[in-house]
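The same subunit A turns up in both complexes below, where it pairs with subunit B and then with subunit C.
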Partner chain A sequence: MTTVTTAPAGPETPTRRAAPRTRRRDRLRPWLYLMPAAAVLLPLFGYPISMLGLLSVFDYRQAQVSGGEPTTFVGFGNYAAVLGDRRFWSVLTQTAVFAAALVAATLAVGAALAVVLSRAGRVPRLLLSLAAMAAWAAPAMTGSTVWMFLFDTDLGLVNQVLGIEGFNWFYDRWVAFGVIGATVVWHSFPFVMVTLYAGIQAVPASILEAAELDGASAWQSFWRVLVPVLRPLITIVVIQSIIWDFKVFTQIYVMTDGGGIAGQNSVLNVYAYQTAFGSSEYGLGSAIGVVMTLILLAVTLLYIRALYRRGESL
Partner chain B sequence: MRRVEILKMCAAGAALLTLAACVPSSPPSSAGGDDRSGTVRVWLFDEPNRAPKERVVAEAIEEFTAAHPEVTVEVAYIPTSPARHEKFKGAFNDPASAPDIAEYGNTDLAEYAAAGGFADLGAEVRSWTEGGDIDADLLKSATAGGKLYGVPWYIGVRALYYRTDVFGELGLEPPATLGELTAAARAVRERRPDLYGIAVGGQYTFGALPFIWDAGGDIEKLDSPGSREGVKAYTDLMSDDICPPQACAALTGGRTVELFAGGKAAMGILGNFNRSAVDAGPAAGKYAVVPLPGSTAGTPAPAFAGGNNLGVMRSSRHRTLAVQFVQLLAGKTYQVKMYEAMGNLPTLTSAGRELAARDPFLKPFLDTVAAGTRFVPVDPAWVKIDNQKVIPTMLQKVATGQATVEQATDEAAAAVDAAFGRS
Partner chain C sequence: MNRPRLAANTVAVTAAAVTVFPIYWMVLSAVKPAGEIRSLQARPWTLAPTLEHFRRVLGAEDFGRYLLNSAVVALSVVALSAVVAFLAAFAVTRFRFRFRTSVLIMFLVAQMVPAEALTIPLFFLIRDLGAVVPGVGLNTLGSLVLVHLAFSLPFATWMMRGFVAAVPEAIEEAAMIDGASRTVILWRVLFPLVAPGLVATSVFSFITAWNDFIFARTFIISATHNQTLPAALLVFFKPDENDWGGIMAASTLMTVPVLVFFVAVQRRLVAGLGGAVKD
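Moving on to the complex of A and B:
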C-alpha cells in the first residue's frame, strides 16, 4: 500500500480547499477496491469464525444443541480445559513436527519435479504432468483409501511385492506416519510443482544463459538464480503448505481409523473433530479450533515478517 | 486518523455481527404430528450380511402397506460405525431429515434420551397385547428417566465360538475356565502357526468387558485390582504366541468376526447374531459354541447384554402409523422371522421359549443370559467414553507395551471420571 500525496503547487486558495478531499479520496480508494472481495469474504469467513469464537466461550454440548438444557457462558473455561490437557500438548507437538516434515518433503519433491518438468522432453513432460494432475484431482478420501489398500497387512500390493505379507504398516507410530506422510505429499506436491514450473517458465532465458556463460553449474544456477527470482512464489507455496499440512485430517482419519493404535497417530484436527463431534463437546472443540487458527495465523505472520526484515516483499 | 476511524468502524461492524449471531441458539424441537397417510421413513442398521434382514423387513412392509394402502414405508440402512452418532444428531437437530422410526443400540439410549430425540412410548407399549411379554429387564434397557424410549427389538449375547475340527485334530477340549482358554489358544498357535489361537482385538470393547467383569472389575472403576486383573487376562491374549499385537492390537470386534469366519482363528468371542456371517465362510459346519468361561469352571464370564430397540422419533409426523409399524416389526411373528434370518435373540419371552425348543444353537447363549448379564452405564457419559475410545486405548497401550497395566488403567479411569464429570 503506497499513499502518494502530491504537494500542492500553484495558486494557494483553490488547492487548499481541494487538498483534504483528494487526500481523503486517496485514503479511501484502497478500501473501495477491497469492497467487492470483502463483501464475499466477510460473510463467508466472518460468520463461521465468529460462531467458532462464540461457541468456544459457551458450555455447548449435544443437550444444548437439541434444546434439552440451557446454554451457559463459561468464559475461558473451555480454553483452560484445552490448554490444561496433557494430551492436547502432545498432539500439538506431534502435529507441528509432522507438518514441518511434510512441508519440507512437499517442497523438495515439488521443486525437484518442477525443475525436471522444465528440462524434460515433450513426452516425459506430458506423462509427468498427467500423473501429477491425476494425484491432484484424486479426492483425499479416495487417495487415502487406495494407499491404505496398497499398504494393507494381508492383501496389500506393497507387502506382496516386498514379500513381507503380514507386516502391519500402521502398527509402529513412525512407520505409520511415514506412510501417511507419503500419501499427503503425493496429494499436495502437484500444486507446488505446477506453481514453481509456471514460475520457472516465466524466468527470462537470458538470465539463465548469462549464469551459464559465467560458468555456473546447474546446482548453482538453481540456488543462486532460480530460487531468488522465484522467492515470492516460494513464499506463497510455503505458507499454503504450512496451512494445509497443519490441518491434515482426511489421510489420518481414513488410514488410521481415527488416530491409530491407542491414538498414537492423532493430529490436532482429528483431535478437535473427535472432541467436538465424537464426544459432542462442541464448545471445547471450538476452543481447539480457535487455538489452531491462532497458531496458523501466528506462523504465517512471523514468516511474512521475517521476509520483510530481509528486505524482500511478496 | 481516517484509517484509524475506518478500523474502528470495522471493529464496530464485527461486534455487531457477533451480537446479531448472539448466543448460539437452540432450535425449537418440533413435537411432530399424526398424519395417517404418506411416507413412513425407517432407519435400520446395516449388517455385514444384510440380505436376509432386508427380506424380512420387506415382508413386514408388504403386510403393513396391505393394511394401510395410503401409506408407503421407506427404509434406509445406516452404518453401525461411530458415524451413526452424527446421523442421529443430524436427525435430532433437523426434523426435516429425520426418519419416523429408527433402530438404535441400547448403549446409545442415554445420550439420545438426554438429547430428547425419541418419543415416550410407555402408554402405547402398556396397552399393546404383546407388550407385557417383553422381558422386564430388557424393558429397562429401553428406559431412561422413567420413560420408555422404544421397544426392545432383539438382543445379542456373545459366547465363545471354537473350531471343532482344529480342537479335534489337536486333541483339545473346549475350555471350561479362562486359564484353560489361554492354554488352549497357546497350544493351537504353537501347533498350527497359520491360525490365531483366539481372535481378539484391541478395539473389541465388548470382548474385553467380560474378562473385566469376571475378575470383579467395572467400567466405572477401571483402576481397581479386579479391573486390572481382567485387563491383564485379556491383553495377555494379544501376545505373539496367541494373537500377535502386530496384527491384533488394531482389530475391532467386527474384524475378529471376519477372522474367525474366514477360518483364520481357532476361537473367537462372537455373538449369536454373527452366526450367519460364520455360516457363510469356510468355518461353516466346523464350529461349536460354549459360554465364554469365567475364572472358575461352571460360572461363565458375565456377558454384555447389548441389543437394539425400535424407537419413534419425537419429531415424527406419523406418530400412530410409526407405533403400529414398530409393533408389527417387534411382534412375535417378525421376531421369530428375524431370528430365523439373522439369528437375533428375541426379546419376547414367548418367542424365546419357542425358538429355544426348536434350535439347540441357542442353548449356550441362553445359558449365558441365565448366568447373569451386565450392561454399560446408562448415562450419556458412556457414549463419551465409547467415542473417546477410552477402553480400546487402554487395551492397545497394554498390548503394544506402550504402558503397563497400572499406567493404562489409571489413565483410563481418569478419562472415565472426566466423562462422568467427576474430576
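Moving on to the complex of A and C:
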C-alpha cells in the first residue's frame, strides 16, 4: 500500500518561520493554482447544479422555452407531481433492482477473476488482463451496438447458436434488462478485477501461507483471510460500482431505443431525460434529476466515510 | 500441487476468450461481406474479408468528418484538462491551507453528480452562452469541449493528486535552494516528473470525451456537420433493417483509437488507479 507522504502538521512547518509578507503570498498561492479549475467548474458545474434546483420549482415547458410564455413559480409542485406519480415509483424501484443486480454481478465476476488472476501463470494472466482492458476501453456506445448485434432477433449469433431464431430479447422487460445488464457488467468488471487484484498483491504472502499451513481450503482462505483484509478496498469498489450502475444511460438508451417498449426499460436518468427532452417538461425532468442527485449524494457521503475509516488523510 | 494452477489458468484463458469475443465479433463483422452477415448460419470466421463497409461508412455517410470532430473535441479536452488538473493537484498536495479538505471533497462529490441530470440546465446554459460567445453555443464543437472539460476535471485532479504526492518534495526543495523560481520548479522540475501520470490521466479524459453520447445528442441538434461519433452511429439504425455491416465498421472505427491508447498505457493506468483509489 502506498503511504501518504504528508508531513504531520508539527510546529516546525516552514511557513511559521517565514517573514510575514511571504506568508500572506503563500496563503494565496494555492488558490492561484486552483483558479483555472474553479474557472471551469464553477460556471459549468456549480451553476448548472443550482439551475437544476431552480428549474425544478418552476413550471418550465416548451411554451416557456420558445413561446415566450411567463414562467410561473410552482414551489414543490413538480416534486409533488413526481412523487405522486405511480410511474416514478415503478421506475425508481426498477432502477434500484437493476443497479443492485449489476453491482452484485460486477463484484462477483470481478472478485472471482481477481483471485484467478493472482493464481494463474504469466501468460494466462496477461491474456486476461489484456482482454479485460479491451472491454474496459470499449466505448459504451460501441459495446451496446455489438451486444445488440449478438442478440439480434434474426441475424444475432446468440439466437442462431441457441436455435431460437425469431426470439426478441428486447420484448420482455426483464429479459431486456438482462441483456443490458450483461453489457454493463462486461464494461465494468475490469475495474473491480484490476483494483482487487492490486489489493491482493499487497496482501503479505505470509498471511496466506499461514492459513494454508493451518489447513484452510482455498475457499476458506478467500472468505476468512482475503475478504477481511481487503474489506476497506471492497467497500470503495462497491460504492463506486453503485454510483456507476445507478447512472447507466447509454446502454439503455441505445439498446432499447430510448427506454424500450412504452418506456418499460427506463431507469431514473433515462426517465428524467425523456421527461425533459422527449416531453418538453423541463421543470418536471429537473425535479427527477434533483431526486436522483440527492440519492447519489447520500451514497457519496458513505463513500467519503469509508475513505475516512481507512484512516486516510485527504 | 499443480492442479490449482492449472484450474486458474483454464478459467483465466476462458474468461479472456469470452471477454474479448464481442470485440472480435465486431471487427469480424466489419470485414465480412454483406451476404455473410445476412446469412442465417453465422460463422466465426470469414474467407472473403472486405473493406466495403468501411468504404461505405467513410464515403457515403461522411463518417470521416465525425471521426475528425470527435478527435478534435477529445484532444482539446485532454490538453486543457491535463494542465488545469496538474495545477489543481499541485495546489492540494503541496500546500496546507484553509478549506483544503473541503476543496478535495468537492472534487470527489463532483464525480458523483449524474451528468444526465445536469444535461437539462446545461442545455439552457449552452444555449444562452452561444448568444454571447459564438463558438460555444448549441451545435458547436466548442460546447462539447467545455462540458467534457468540466466533467473530466474532477476525476483527473483526483488522480493527478496521487502522482504529484508520489514525487518527493526534496526534489523541489533542492531546486529552490539552487535558486529556481516557483514557476521554473513547477513546469521544468515537477511537470516532467509527473508526465507518466499525466498520460494515464489523459486517457481517462480522452475516453470521457470520446465516448460521450448524451451531450453530443443533446447539444448538436441541427448542425449535422458538427456531429460526433456516438450520435452519428445511430444513423445506421434503420426502422426496417439495421445495416449491421455499417454499424460494426463504424463501431470498429470508434473503438480502435481508444483501445490503442488504453493498452499502450495500461501499466501506468493501473498504477495511477491504485494511487487514486488507495492513497
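Keep in mind that, in the parts below, the second predicted complex is superposed on the first by the 248 of 314 C-alpha atoms of A that agree within 3 Å, B and C clash if a C-alpha of one lies under 4 Å from a C-alpha of the other, contacts with A are read in each partner's own complex, and residues count from 1 in each chain.
What we mean here is this: a contact is a pair of C-beta atoms (placed from the backbone, for glycine too) under 8 Å apart; a residue touches a chain by one contact, two chains touch by 3 or more.
Please read these numbers as outputs of a predicted model, since none were measured by experiment.
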Now for A:N168: first (subunit B), second (subunit C), both, or neither, which partner does it touch? first
Based on the superposed arrangement, let me know which partner A:G285 touches: subunit B (first), subunit C (second), both, or neither? second
If we overlay the two complexes on their shared chain A, which of subunit B and subunit C does A:A137 touch? Say first, second, both or neither. second
On subunit A, which partner touches more residues: subunit B or subunit C? C
Under the stated touch criterion, which partner chain does A:A262 make contact with: subunit B (first), subunit C (second), both, or neither? first
Just subunit B (first), just subunit C (second), both, or neither: which does A:Q274 touch? first
Just which bits of subunit A does subunit B share with subunit C as contact spots? 27, 31, 47, 51, 55, 257, 277
Complex contacts: residues of subunit A adjacent to subunit B: 24, 27-28, 31, 46-47, 50-51, 53-55, 58, 60, 62-68, 70-71, 73, 153, 166-168, 170-171, 257-264, 274, 277-280
If you look only at subunit B, which of its residues touch subunit A in the complex? 2-3, 6, 14, 17-18, 21, 23-24, 26-29, 82, 85-86, 89, 92-93, 111, 114-117, 202, 245-247, 249-250, 380, 383-384, 387-389, 392-393, 396-397, 400, 402
The answer for subunit C against subunit A in the complex is residues 4-5, 8-9, 11-13, 15-17, 19-20, 22-23, 25-26, 29, 37-38, 40-42, 83-85, 87-88, 90-92, 94-97, 100-101, 103-105, 108-110, 112-125, 146-147, 149-150, 153-154, 157, 162, 165-166, 168-169, 182, 207, 210-211, 213-214, 218, 229-230, 233-234, 237, 242, 244, 247-248, 251-252, 254-255, 258-259, 261-263, 266, 270, 273-275, 277-279
Mind pulling up the subunit A residues that touch subunit C in the complex? 1-6, 9, 13, 26-27, 29-34, 36-37, 40-41, 43-45, 47-49, 51-52, 55, 113, 116-117, 119-121, 124-125, 127-143, 145-147, 149-150, 152, 154-155, 157, 160, 165, 186, 191, 194-195, 198, 218, 233, 236, 243, 246-247, 249-250, 253-254, 257, 269-270, 272-273, 276-277, 282, 285-286, 288-290, 292-293, 296-297, 299-300, 303-304, 312, 314
